[in-house]
Amino acid sequence: MNFASDNTAAIAPQVLDAIGKANSGFVLGYGSDTLTRQVERKLSDLFERNVAVFLLSTGTAANALSIAHLASPWGAVLGHRDAHIMTSECGAPEFFGGGLKLVGLAGDDGRISAAELKRVLEREEWGGPHHISPSVLSLTQATEAGTIYSVADTAAVAAIAHARGMMVQMDGARFANAVARLGVTPAEITWKAGVDVLAFGATKGGAMAAEAVIFFDPARASGMPERRKRGGQLMSKHRFVAAARQRNGGSARRWA
Amino acid sequence: MNFASDNTAAIAPQVLDAIGKANSGFVLGYGSDTLTRQVERKLSDLFERNVAVFLLSTGTAANALSIAHLASPWGAVLGHRDAHIMTSECGAPEFFGGGLKLVGLAGDDGRISAAELKRVLEREEWGGPHHISPSVLSLTQATEAGTIYSVADTAAVAAIAHARGMMVQMDGARFANAVARLGVTPAEITWKAGVDVLAFGATKGGAMAAEAVIFFDPARASGMPERRKRGGQLMSKHRFVAAARQRNGGSARRWA
Amino acid sequence: MNFASDNTAAIAPQVLDAIGKANSGFVLGYGSDTLTRQVERKLSDLFERNVAVFLLSTGTAANALSIAHLASPWGAVLGHRDAHIMTSECGAPEFFGGGLKLVGLAGDDGRISAAELKRVLEREEWGGPHHISPSVLSLTQATEAGTIYSVADTAAVAAIAHARGMMVQMDGARFANAVARLGVTPAEITWKAGVDVLAFGATKGGAMAAEAVIFFDPARASGMPERRKRGGQLMSKHRFVAAARQRNGGSARRWA
Amino acid sequence: MNFASDNTAAIAPQVLDAIGKANSGFVLGYGSDTLTRQVERKLSDLFERNVAVFLLSTGTAANALSIAHLASPWGAVLGHRDAHIMTSECGAPEFFGGGLKLVGLAGDDGRISAAELKRVLEREEWGGPHHISPSVLSLTQATEAGTIYSVADTAAVAAIAHARGMMVQMDGARFANAVARLGVTPAEITWKAGVDVLAFGATKGGAMAAEAVIFFDPARASGMPERRKRGGQLMSKHRFVAAARQRNGGSARRWA
């Protein structure tokens, strides 16, 4: 088990600068501030559509709350068996999801193939009332193995999931790396390829406690403000989180 | 509803300084760092005994996770009916606590009196299997009304709770103010008066996302690391949270 | 505390007869049997519309699962403070509802008045993300105090609830008595007056382990089969439960 | 998927007789009756030690509540991947267990071998705060494949589990068959071989809605009465459940 990941790296200097600049005057808390609005606008610009943004303090929270929001408690969440949500979040998705079940799929190099996804959806007994129902497909971008889902890879598995009535969540803890390496826009590799919700990591990109959950269809985010609050993730000095995130949003633009 | 609380104030400059100083080199994440160890030692010094410390990102998480840890799912958590946990956390204690119930007590000036606590414990139907059982007493220090529990006040209600087999949790979102105004030591107004666990706010005291749950009996914290992780509250760049907290720990010492 | 309620009375002889008659041959389990279909038809006849029926083993399960199905986890369930769900179900609605909150209203003779309901909806702080939101109104018919909501009483409070976007659940543990005393049809005192879901007790009416949850709009029952199964309430030898229930359904017709 | 299991068979005539005989007079509900006491005594006799008994309405509830009682929410429950709890309870153990995780093991003929159990315990990443911890071993007796764990088989895997600090739960939906075929006493194949808690099916043995959870160490059952009540499984006309169970308890004796 190697914790010496990029979590251990320093905060990018421009993030601390941004926090320092945010540190003046008297501002509304809990996200009702100008900086938070700016981050939302920047992320909407970045993704080329109006998105709903929820800042949170950890990647585990970003995954668990987004999955819980998309899946029913009797839903199955299909992901690669080596994915972080499967192995290293101490059951956070199951807890926030009211006892949903994670189903680990095999796949070379950390990736789920369309063939394997089809096989599992066809092979297993699914469906109520006796069996859980496929509810969410979770993709990790870049994967734990360092591999990347191309636009075509993503579109292929997302189409299978959508055809089955499932939603597609992306664990984007290393999303920036993937975008940079693919040479595509953030929009192309997410909603244009079928991703419904992105847990967009910034911690690993040089920020602190500034993860974001992004709903590409804001209507799907109904109830998410309450879910975040009761999940202990609505930070009061929200503008500092936004400031940290803003820098990241800015640099993300460069990937495109 | 007034959100223009001290949450809206700036981060204390020395907190940003401390974060900046922590921002060098390559350090283990997830709390396995020297700064986190230092914060634990400082808080143990501050409270004059060996304490178990869990840093979290919000006061709501600090309350909800500490209460969930102390109460059974069929437990009643007694607190003042105007307490933050009762009115303004969108059901976070109930969620983290597996469906426990908050029971709001009356009380002048935001405080629960020993008489009222006794009355409620005697009056209501309590006990399994048909009824929930009193499990935790939650005190807010200072209260939402700006009043303070003296050492004698705290000891009186804590003794009643302990006699009933309940645990005593303190929502210390404004703990520093209370200590300063009472002119007592942090130890005197917490564990020496019967408080078992403290949700020790720093956000309102000039820090950012650096709340702490403090167990005065570390043995009671068994399982809390897992609870924090699966609660989405184990921050990866933990040393910065610790750095923010350390400044607060330092200033807290001055209260005593 | 008096448990010597009608729960302690005998099973009606015709219920045992019906179970005996159901006890022959080899029949599909888990509700896929003819008797269960018959019960559904009888209840649809009784209520003068196509209803969705879910048989369960206890009144607590009928209340808890129906409330959990209608309320969001950050919902407030408003009911009389002396209602069974408030005092005597050991937190079952909170557990099945993912940590929702029950809010007890005052009211003479066990009944909630339109005035009190309005007052509470206007007075309290409600709404996300900081506060829970009114989600379900639960009425007990007949009440714990032995009183009854008339058609006009029911319609008045149901209209207020619906105007607020809430759903109306009825704990009908003693529903048969209420219908008999009011001299109305089951339809008039339920969906025609604004009740969305009824927990229809049969145990107290002479049956055994044959409670029913009735959705007057079957479309609202989507997901309820899974909820019942994972709630441990899908009985395998379902035809016997149905048989017990059928007798009750039959006698219920006589009330009208 | 074949539901035409023994769930579809009739109720044994002596069960209906017993219910009929219980159907006289006025008796305390909710388990405070003489028949329930008798069932407890009979089961204590059957298992040759003082056991704590909890009657419930379904096998799913018996499994889910017993597992939830033994495991922590961040616990892993290890069982055969074809076990009923894994495939056919629509996530009930996860729901009642607060989001615990079921981990399916391979094994010929539906049985878990000591070698496979050891391998999984050694191979996987386990332990807080990042990973879930092995908490319960669940054995199915007889298995879904119709095979049986011998006394030696059971003792071997139970010893491994206990050495790891895990508890051993047995899904005894077909327990009677197993005992009959093995030619051992119920005690020999349960607690004497290391089973801590048994979900003892009666539904499949000719009863109706009369499953039992049996704690071989009654001290471990602390809190279980509340868990059953809030789980919607404390039946009010409890003596009839007990009557149905008593017959089964009686016939179980004959196996030994």
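Note that the chains are named A, B, C and D in the order they appear, and that numbering of residues resets to 1 at the start of each chain.
Rule of thumb we're sticking to: a residue touches a chain if its C-beta (ideal position, glycine included) is under 8 Å from a C-beta of that chain, and two chains touch if they have at least 3 such contacts.
Values in this document were obtained by computation on a predicted structure and should not be read as measured data.
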Relative orientation of copies chain B and chain C, as a Cα rotation angle in degrees, nearest 5: 180
Distance from the mean Cα position of chain D to that of chain B, given in whole angstrom: 39
Separation of chain C from chain D, taking each centre as the mean of its C-alpha atoms, in whole Å: 30
Multi-partner residues of chain C (each touching 2 or more other chains): 30, 73-74, 89-91, 95-96, 98-99, 128-130, 132, 226, 229-230, 234
Contact graph of the chains (line, ring, star, complete, other): complete
Residues of chain A defined as touching chain B within the complex: 3-5, 7-11, 13, 16, 19-20, 23-30, 32, 56-61, 64-65, 89-92, 95-96, 203-204, 208-209, 226, 229-237, 240-241
Chain D residues touching chain B - in the complex, by the definition given at the top: 30, 72-74, 98-99, 128-130, 132-133, 223, 225-230, 234
Residue numbers on chain C that touch chain B, as the complex places them: 1, 73-74, 87-91, 94-102, 125, 128-132
